[in-house]
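Below are two complexes that have chain A in common, paired first with chain B and then with chain C.
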Partner chain A sequence: MVELIAKTPFDGALPLEVGTVSASEVDTGVLTSVAPYKGKNKALSEALKGAHGMAAPAPNRATGKEGSRAIWFGREMVLLCGPEPDAKLGKHAALTDQSDAWAVARLEGENAAQVLARLTPIDLRPGVFKRGHTARTELQHMMASITRIGERSYQIMVFRAFAQTLAHDLKIAMQGVAARQPR
Partner chain B sequence: MRIEGKGLIDRGQQINFQFDGHSYQGFGGDTLASALLANDIALMGRSFKYHRPRGVLSAGSEEPNALVTTGLGAAQEPNVRATTLELHEGLVTKSQNRWPSLGFDLMSLNDWAAPFLGAGFYYKTFMWPKALWEKLYEPVIRNAAGLGALSGKHNVETYEKAYAHCDLLVIGAGPAGLLAALTAARAGADVILAEEDTRTGGRLNAETLEVDGKPGAVWAEEITAELAQMDNVRIMTRTSVVGAYDQGTFGALEKVPHDVSMRLGAPRECFWRIVAKRAVLAAGAIERPVAFRNNDRPGIMTAGAVRAYLNRWRVATGRNVVVFGNTDEAHRTVADLQDAGVHVSALVDARHHAKCDLDVPFYAGAEVCDAGGGKRLESVTIRTAKGTENVQADCLAMSGGWNPTVNLTCHMGGRPTWDRDIAAFVPVDGAVPGLSTAGACQGDFSTHKCLEAGVAAAQGALDDLGLKRADVVAPAAEDGVYDIYPVYAVPGKGRAWLDFQNDVTVKDVKQAAVENFQSVEHMKRYTTQGMATDQGKNSNVAALAVLADATGRGIPETGTTTYRPPYTPVSIASLGAGAQCKGFAPERFTTSHKATQEKGAPFIEAGLWYRPSYFPKAGETHWRQSCDREVNMVRNAVGVCDVSTLGKIDVQGPDAGAFLDFVYTNAFSTLKVRRVRYGFMLREDGHVMDDGTTARLSEQHFVMTTTTAAAGQVMRHLEFVHQCLVPQMDVRFTSVTEQWAQFAVAGPQSRDLLNDLLDTPIDDESWPFMACGEVSIGGVKGRLFRISFSGEHAYEVAVPSRYGDSLFRTLMTKAEALGGGAYGMEALNVLRIEKGFITHAEIHGRVTAYDIGMGGMVSGKKDCIGKASAARPGMVEESRERMVGLKPVGEVKELIAGGHLFDKGAEAVSANDQGYITSVGFSPTLGHNIALGFLKDGPARHGEVVRMVEHLNGVETLCEVCHPVFFDAEGGRTRG
Partner chain C sequence: MRITCPICGERDRREFYYQGAAVALDRPEADAEPEAWVDYVHVRDNPCGMTRDLWYHEHCGSWVVVTRNTATHEVIETALASDIKEQGA
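Up next, the complex of A and B:
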């Protein structure tokens, strides 16, 4: 029997640490896109709450916590991160395994928002993009999902095939920000 | 000459720098201009056209004359304004547009030829003979005229772009801007204060005026310190806001200080996109020079600049200064100079009613009408009612009044209005939504009015933002009356300069009017006034005043030219920041990328994806050798190819089948579970959009594949169809392109290879042609599709992407053991052309199903997108260019994609065009080139010989029209 060896999306391109900011690869566990069928939004939210302990997020919001999160992922779509999806969810929504489709990174540190401000046009001010807020937006030239998961940390997702480019772009931005810090 | 006094320089920090090969010293806080003036250097450049000696005119970003080139080699940067260039240790600068040297410039001969080089000279003088234009005139003019030059080398420095958001953007940190920022910040608004200078304070840094009982610069420092401590304030110095755009977006260029930009990874400049809910423009005003004969002599500068050099940098711009103005500021200039111990030999005030209480020779109602000297001013001629008088001077401080910096208010189409009281244009309210103006840029020329306007503008913004007003009161400050007598050009003979940078004189503007270029926009183009890097900041108003006079209209009727972004020059490098090298576009790598790289395969870009062209083997010296081998390998043994780049779309829901029926021309609701079907979809206009296979995994679950190129387009199309055309259908779809690593395994031995991997072997019965289903490989759940793009017995096997690298390596090794191996895009292309399979080379957007011989696949039993359009008259005519195969039959064997087809005897001109070739490959299976193409009524012409003509390469080939399937027409090999 052959043995297939698994590789992570970043395959060694992360972690990176420049100045006060670090970027590291995150193993989010199972990723499932959950797309509610017609008129099933409420039922899905309840099923999600019952099975995984969190309601379906409103647009631009994420629910849950580290290890078990539901991220708004676009029009009528939620990305369940962490747990194997409960079979009951399938009654209300189309479930698709996306565990291998995304490269997931965590950007963390005092100047993390400044680094992101070099890559994405969204408003990252603390009072506007709060913890639990998320956005499907552009990051350099890639379509990304960015979620604020802590006071100074963000989860960034891009297509798996863009992992090397994300690591490259993060590094350039991190260097630019670090170089400006007073010494 | 440096004089005593504190100023805003750091005498403790001595800085060495070079100008034109000579070494000089300056102090911390100096600009190149202030440091050169301190070293008694007045000559800093040569003019654009006439190569006249020029000195510094201003002390700000509007500087037209003192442009230098900094740096060496690839990092060389031309046209840097000496007035804004911060001095740093080791700075190397040189003057521009002179040869062989600044002091002795041979091109200054142009000045003697001035009568021939006036406005529009190139339109008139060089019209004939035509042959000489490109060969002689243009090179000569280009050589003689111009600014600095680029290095011509690749720029290796880093530039950056960034985004910022705020409630209030304050543009300019003079008294108005500072107080606007403070007012908004104290009320809790998020404030960005942008200032193009290295420090805040604006004119307060250049004047001796007091605010709140303190020197203005000290007050500015205190306010800045308060702002700097607030979390909701970001002060951005060295940042010029260059453009106002839709929805509160502003472009701004930040110059990173030299010491910071030298650090690893640090940018030299950063281009900011600032999105602000509200903005206050407090951009100040720019002083207007006066046009009189020889007013461009080095040593002649604006009075405001003279005060700035004196008060901020403690530099006397001359030993013997004449002041010429038309407001009370002329008197303040004299007072400042005299206080600093600089000799003032005359005060010339254009106002007849002016009084003077200073100890200086005073000329009221007088003008300066000429200037003597060469590389430095030596004297000025003063004209009064009594006659003229020569006065010795090495510096003239002149002022024609101030022009509010209205530029940004006009970036969205607004035009300023003329204010007679201040003889200047002022902005119109609401010209840029959400932006209000405050201070000198709206015509408030007293310091106290500026401070009040700053508070008021911020209060207005706070109201709009729904924040409670902060209680800020404008402090006590100078509150003089701006009493101006307009003087734009002093009458008289000789050349009086308006636009220093483009060498445009009063005479040129008058000439334009005489030649009927009377609109201000026409005058601008005809004379080139306002078209240099300063964009007419110093000259526009005076030039249009001269034009108004020459055409007998008033200034308001004449109007201004259009103010466009950028306000100050922006380097292309900063606009394109982040897009150099790898930043140009994201690189999308398949899971087999590394293994493919290790095999030495060259890559070809397909959209953002990188795919291997071919896999060279030792001894192969030409790509064709590798390609032929790979084709033979697939035909005779087994080949492996990464096909993960094809779009994969998961389609689920009760209406999934019905939805697919609607987007595809053929039916999918009838497809059995565990089966795959080929289909193509049409655009709404009836032309073919994309093709691919769709597999039915369960009753309500399909996986659609698209071509690599059209994956995004198809996804967008499906969204459109679902959201807009059939919202009633209960169907959901999402891309799974990245979830699965998918590999084609093709060739007679494909099943043998797979059975070596699969946990449960397959056979023809369990996995017939067009079957699909789940498989297990080493315990990993995958998917297997028996489909073929090569015409061979073939499969596509998919595993979750994390296993892609491993599976590809395994497949490659096992294929090699069977006499096969990996194949690339070249072989893939040849294999599919041999089989007459289409790609986007064929379905390029202008072809119908009928054209590609698949009209029968448009189901008659149901509706689909594009069906009605595809049935329109003309869409199904036999005479349409329809798909055929082509093979060479004459002496010449070459076929070229893009070549056009003609009847054998017809002339190769477009009127005789019969069609064109879309795809070409050399078929090692058949031993000659083969092609797919489109030919008028093609299917009826099999066996006919036509002529391919490819005009670009001059190739002509006779070819026989044939069926597009060249190989195994019955498909026996595919079915195995």
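Up next, the complex of A and C:
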């Protein structure tokens, strides 16, 4: 029997620290896309609340907290991050395991927003993109999900195959921002 | 150019994929005259001014009907294609 060694999506490309900003890999646990059946949004939200303690997020919002989040993931879709999905959710929504499909990174630090602003076209101003807000958008040429999880921290998700590219793009942007800081 | 996705709000044009004139919303009946089908499949206007077309917001997965002015590049109105279809407009 061949010994198989599981590698994480970033496989050593993270963590990175440049200037005041750091990027690290996040193990979010189980990722499940939850796509409610037609007209079942409310029932799903209640089931989610009962089973995992958080309502289904409105578009462009995320609910829950570290270790157990529900992130709006597109039209009629929520990504459940952390817990194994309760079987009751399956009554109201199609559940698909996505755990190995995404690379998840956390970008944090004083200038994290400036670094992200170099990579994505969304409006990241603190008054517009607040904690608990999320966006499906692009990061360089990659499809991404960006969620503001703290005052100065963001969770970035891209397809697993893009992990090395994301790490590279983050590094270049972090270096660019750091180079412009007064010493 | 920026387009307002009815779900995500104002976003950069890069996030959208252009499909073409919004004729797909007015599909003729199966037994319609051949001329109607020729129009539907092949014939397009190329207006200088107001036009309605379909854009796909790749990130949230919405089809958006964008009313815009080709001369000034002004985006006048955006709506979800699914809403328009359900209203039968």
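Here is the rule we go by: the second predicted complex is superposed on the first by the 180 of 183 C-alpha atoms of A that agree within 3 Å, B and C clash if a C-alpha of one lies under 4 Å from a C-alpha of the other, contacts with A are read in each partner's own complex, and residues count from 1 in each chain.
Everything that follows uses one rule, which is that a contact is a pair of C-beta atoms (placed from the backbone, for glycine too) under 8 Å apart; a residue touches a chain by one contact, two chains touch by 3 or more.
Keep in mind it's a predicted model, so treat the numbers as computed, not measured.
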Who does A:A6 touch here: chain B (first), chain C (second), both, or neither?
-> first
Quick one: classify A:A43 as touching chain B (first), chain C (second), both or neither.
-> neither
Determine, under the contact definition given at the top, whether A:N60 touches first (chain B), second (chain C), both, or neither.
-> second
Please work out whether A:A51 is in contact with chain B alone, chain C alone, both, or neither, and reply first, second, both or neither.
-> neither
Quick one: classify A:D100 as touching chain B (first), chain C (second), both or neither.
-> first
Which touches a greater number of chain A residues, chain B or chain C?
-> B
Would you sort A:A135 into first (chain B), second (chain C), both or neither based on which partner it touches?
-> second
Where on chain A do the contacts with chain B and the contacts with chain C coincide?
-> 77, 121-123
Chain A - residues contacting chain B, complex = 1-9, 11, 18, 33, 35-38, 76-77, 93-94, 96-102, 117-118, 120-125, 127-128, 140-142, 159-165, 168-169, 172, 175-176, 178-180
Under the touch definition given earlier, write down the residues of chain C that touch chain A in their complex.
-> 7-12, 14-15, 58-62
Quick one: which bits of chain A touch chain C in the complex? Just the residue numbers, please.
-> 59-60, 74-75, 77, 121-123, 135-138, 143
Per the touch rule above, chain B residues touching chain A in the complex are 158, 160-166, 190, 256, 260, 263-267, 270, 273, 275, 578, 582-583, 585-591, 594, 609, 650, 652-654, 730, 732, 734-740, 756-757, 759, 777-780, 799-807, 810
